[in-house]
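In the two assemblies presented below, chain A is common to both, partnered first by chain B and then by chain C.
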Partner chain A sequence: MNTAAGWAKRPESRTGVRKQRNRIARRLFSISAGFIFLVLFAIVTMLVQRSLPLWQNVSLPDFLTGRVWKPDQGLFGLLPFILGTFWTTGLGIAFALPLSLFSAIYLAEYARPLTRTVIKPVLDILAGIPSVIYGMWGVLVVVPVVQTTVAPLFSRAFPGIGLFQSSNPTGFSILSAGIVLAIMIAPILIAIMYEILLAVPVGLREASMAVGASRWQTIKYIVLPKATSGLIAAMILGTSRALGETMAVLMVVGNVAALPRSLFDPAYPIPALIANNYGEMMSIPLYDSALMAAALFLLLIVLSFNILSSLALRRMLQ
Partner chain B sequence: MAECISIRNFNVAFGNTLVLKNIHLDIPCGQITAIMGPSGCGKTTLLRSINRFLELSDHVTIKGEILIDGQNIYDPQVDPIDIRSKVGLLAQRPFSLPMSIIDNVAYGLRIHGMADGKDLHRAVRHYLEMAGLWEEVKDRLREPAVRLSIGQQQRLCLARGLAVEPEIILADEPTSALDPISAQNIEQRLLELREKYTIVLVTHTVRQARRLADYLVFMYLGEMVECGEASAIFSNPQHELTRAYLHGAIG
Partner chain C sequence: MNPQSRLRRRLARIEETAFLFLMRLALISVVMILGWILATLLIKGMPVLSWELISQPPQGGYYLGGKGGILNAILGSLYLAAGGTLLALIAALPVVFYLTTYLHQKTRRAALIRLALDVLWGIPSIVYGVFGFLIMLSLGLRASLLAGIITLAFLELPILIRGMDEFIRTTPEELVQSSLAVGATPLDTTLKVISRQTLPGLITAVLLAFGRGIGDAASVLFTAGYTDHLPTSLFEPAASLPLAVFFQLGTPFPAVQQRAYASALVLTIIILVISFISRWLISRFNKYLVR
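And now, the complex of A and B:
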């Protein structure tokens, strides 16, 4: 049908082309999205498959609780590495958490608009610094300070307590790794926690302040309780990032496969173990398989932390 | 007429946009004053300047004075917290705090350390009765407040505001999110409270102003066009814009 203007009728052929293109676009996007799942699946499959030979010689409990790692003697005890991972991560989170939470509260509740617009891009830049640079900074600054100042100070201040005694003269230690990790993950934690605090409705804050509550009372009684599960989600996400962090930790932690006893002992986290050894001395039987099993273990822990985090976040948004 | 809020040469700008222009206004004590006007006329801004909520927004500039009982609340010596204990706010949408019904009402009392133990329970009951909610919630005081209907939550917010014993109640279109029955209930409460409190009500419905207002303020594009006894303005508006608004020609 033609109207007076003559443009009302759409040609049949154009409609067909349009639908065709829509189908192609849809397929392209869905394939791209599916590819990611495929990769995750491929990685897990490969790790499982290549770690299988290990289980014929070593039992799972022995692998996870064994204290000795001597591949040339067929001893594959992962415990020093598991403890190394948890010590450095735990310390990093312990340092980063208060710092990040307080900064995020300041930014979300107290800071003026100008401060926010300045600090937000700075956080993004900090979060984008390659971890090898944090590692270098750790070697050049943190390690010497721990070696010459912090370790002697703590040994003298807490004479009876093993946790603070130093038998390691180098400064490459759990404490150094914890400090570097904390500084690395703090920008990310602050950015996430800031967003989470902003997700608490303004109307709730106003409801509290309308009856004469101060900023701090409003934060304490309304904002923080409302944001708790979201803040926990942020913390878990930060933990899982710290668990997998390889390069910066590897550079300052000392890489000694022994059970750490004090903050000033060196340690050997799982990512560092894999990065340092994979591809070398692969002629040793089961070595490859044991590293794959270690990687699988790390992956499973990080994945479960990520799942926990999204569950906590969903709880807050309900 | 005793005025309890005096607004003098009051100007407010958000960024470079002037939202309130040289407002000069006296609001009488112990009455319901309705601020009317089309969207964007600055009526909510004016309301939020009376409990110093404006300064919570970014990029806001405030000039001029607002006197409550003769004291300029924008004096640098004045703590906004003291003003907000004296001037309550009923918001457009009810925001019940994420806690139980009883704790919502007790919130302000606890914040100010005003009541404990048995006293607290008695106080909560008293204010819930004033808000007309006691009978509906007396058996479920420990339940989370969010389980209440929106209309009940608005009355809960009213009880929470009353509990800190303000002298003035600001109400910012308090019925606009409610169903007609709940809205009527809130209007009823406001009429009952008029004897004890000075109420400033922002509304964009002329009919609500007719039902509630003793005193009327009409605003247009950031300026105060006309104010006076509600009955006088409704029967004989002095200004062309007011006449047009009341007859539904604008707004």
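And now, the complex of A and C:
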């Protein structure tokens, strides 16, 4: 009788152990998931806390609209850097958008399976290349081309249009940074846009073609309107990637803290400002605070872009 | 058919042909840019690449064109990325298991965690660099291998979790259900069924995170520092390949700049090898999976 009870009990208790282990694991795992939010929270709070001393000497509007950045005189005007960031990013997106959109449409709507299997690794490799390599390629290829060919050509072809006038003898410019950025974010954009286009139901395409529309008409009148919000979300995601890109841009943009007037002017985006100056920021009062405030400004923009695009993309792809 | 609609049809066809041309052009240029980048790397880097360069640390006067190599940067990068990936993996696994084991795919909490991870993924590496730098200061560390590893771990964490999460999501629902149906707890199911089923995918995610870590410059610029010595201690600064490229390219001496090209080639080869291994892993192990 004892043995019978033992037989009956043993699996019982083992099940109990397994269940308890399961409960403990569940508790531990859920705590570790909280760590994710802690990291996000810590990044924001640390930057806020470190930038606090600055606000006692400089007001927020002065910081964001000031044109002069002279840390040794206590002048912290971020405007040249903000404009530098927006110019390079805007140009990068402007170049990358048509390139990516056309590529993604072709891959999703026209390409044979073979083409897709060939392109996939190409995009993966492009997305995996480190930004210093892009920067070096920019220095070796893009900058000389801009310097010797593009800048003189545009200056001559569009006299009187300030945007195309070159007063910069080097090729280190907004245009070079925009080209390099475009190449860097294009693979990401193509991959997301491709997925969004595939998420448009096949039935819609079939219905459109059944009433006699051509493939391109189907894309133009059915697929693209349906995918618009997703494509915009992809663009926002690409923009936030470009906003924070540091090394590649720093290497080709010239790093001159002035308000840019032309595509061929050098600029000084915020990430480059942080990367170039962290070494000396501890020796000048408020300098570190100002750099942290700049980093915070960048972070807040990128965060809001990210949240926006992630939410929209999730809705699209589900 | 009246002439007007014929004309319209012809215009439509011309439009389609034109756009098709543009689309092909866009795609071909993307492929050609990759080719261009790789060709530039090979042409510039190959002639300078030598056994001396990859087997020795810098000797005296290296940055003026003297003897030596970039072994310090190669080893430093491998240590940094390996340490960062390991640390990130330790933090990532419980989160991945939590997401896949206890949260059904559609719950709000799972969606919130995934959103937070996506947001973390999008934070620029320069901000991680600043964050790591602040942590380093508060821990009383100076720029060192350890500080670099911690920073890279933060950078790689979201990449790692989301990568693994995406692979685990491909597990067939029936497999999970049948494991639960025979009495396995969710924990048993995750550890003994799902993780075995998705192991190649998990390794791939680790490799991808490693590749991201080894190529990142902006985050280790503040935290790992740079040194000509081989890394020997966690508390000493460590060199890294991306920074070796950056610093050598910034010198005015052509001989040193050429070594930047060779360093870039070494870095790219490492990353390509990682990418090929993960590709091979996926195709090799795919046939053993339950579908």
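Convention: the second predicted complex is superposed on the first by the 295 of 318 C-alpha atoms of A that agree within 3 Å, B and C clash if a C-alpha of one lies under 4 Å from a C-alpha of the other, contacts with A are read in each partner's own complex, and residues count from 1 in each chain.
In this section, a residue touches a chain if its C-beta (ideal position, glycine included) is under 8 Å from a C-beta of that chain, and two chains touch if they have at least 3 such contacts.
As the structure is a prediction and not an experimental result, all values here were calculated from the model.
Peer 1: Specify the outcome, clash or fit, for chain B and chain C once both structures are aligned onto chain A.
Peer 2: fit
Peer 1: Of the partners chain B and chain C, which touch A:G92 in the superposed model: first, second, both, neither?
Peer 2: neither
Peer 1: Touching A:P269 in the superposition: chain B (first), chain C (second), both, neither?
Peer 2: In the superposition, A:P269 touches no partner, neither chain B nor chain C.
Peer 1: Once both structures sit on top of one another, what is the angle chain B-chain A-chain C taken between CA centres, to the nearest 10 degrees?
Peer 2: Given the fit on chain A C-alpha atoms, the answer is 90 degrees.
Peer 1: Scan A:S214 for contacts with chain B and chain C and give back first, second, both or neither.
Peer 2: both
Peer 1: Quick check for you: in the superposed arrangement, does A:G178 touch first (chain B), second (chain C), both or neither?
Peer 2: neither
Peer 1: Which partner does A:N306 contact after superposing on A: first (chain B), second (chain C), both, neither?
Peer 2: In the superposed model, A:N306 contacts chain C only, not chain B.
Peer 1: Give one of first, second, both or neither to describe whether A:I222 is in contact with chain B, with chain C, with both, or with none.
Peer 2: first
Peer 1: On the superposed three-chain arrangement, identify whether chain B or chain C touches more chain A residues.
Peer 2: If we count touched residues of chain A for both partners, the winner is C.
Peer 1: Based on the superposed arrangement, let me know which partner A:M136 touches: chain B (first), chain C (second), both, or neither?
Peer 2: In the superposition, A:M136 contacts chain C only.
Peer 1: Closest Cα approach between chain B and chain C after superposing, in Å?
Peer 2: Least C-alpha distance: 6 Å.
Peer 1: Could you give the residue numbers on chain A that contact chain B in one complex and chain C in the other?
Peer 2: 214, 217
Peer 1: In their complex, what parts of chain A are in touch with chain B?
Peer 2: Counting only chain A, the residues touching chain B are 112-113, 201, 203-204, 206-214, 217, 221-222, 225-226.
Peer 1: Given the complex with chain C, which residues does chain A contribute to the contact?
Peer 2: Contact set of chain A toward chain C: 15, 18-19, 21-22, 25-26, 28-30, 32-33, 35-37, 39-40, 42-43, 46-47, 50, 98-103, 105-107, 110-111, 119, 121-126, 128-137, 139-141, 183, 186-187, 190, 214-217, 237, 240-241, 243-247, 251, 271, 274-275, 278, 291-292, 295, 298-299, 302-303, 305-307, 310-311, 314.
Peer 1: Please give the residue numbers of chain B that touch chain A in the complex, ascending.
Peer 2: Residues of chain B touching chain A: 51, 53, 56, 58-59, 81-82, 84-85, 88-89, 91, 93, 95-98, 107-108, 111-112, 157, 160-161, 163-164.
Peer 1: Sort out for me which residues of chain C touch chain A in the complex.
Peer 2: These residues of chain C touch chain A: 12-13, 15-16, 19-20, 22-27, 29-31, 33-34, 36-37, 40-41, 44, 91, 94-95, 97-99, 101-102, 111, 113-120, 122-127, 129-131, 133-135, 154, 157-158, 161, 183, 185-188, 208, 211-212, 214-218, 221-222, 242-243, 245-246, 249, 260-261, 264, 267-268, 271-272, 275, 279.
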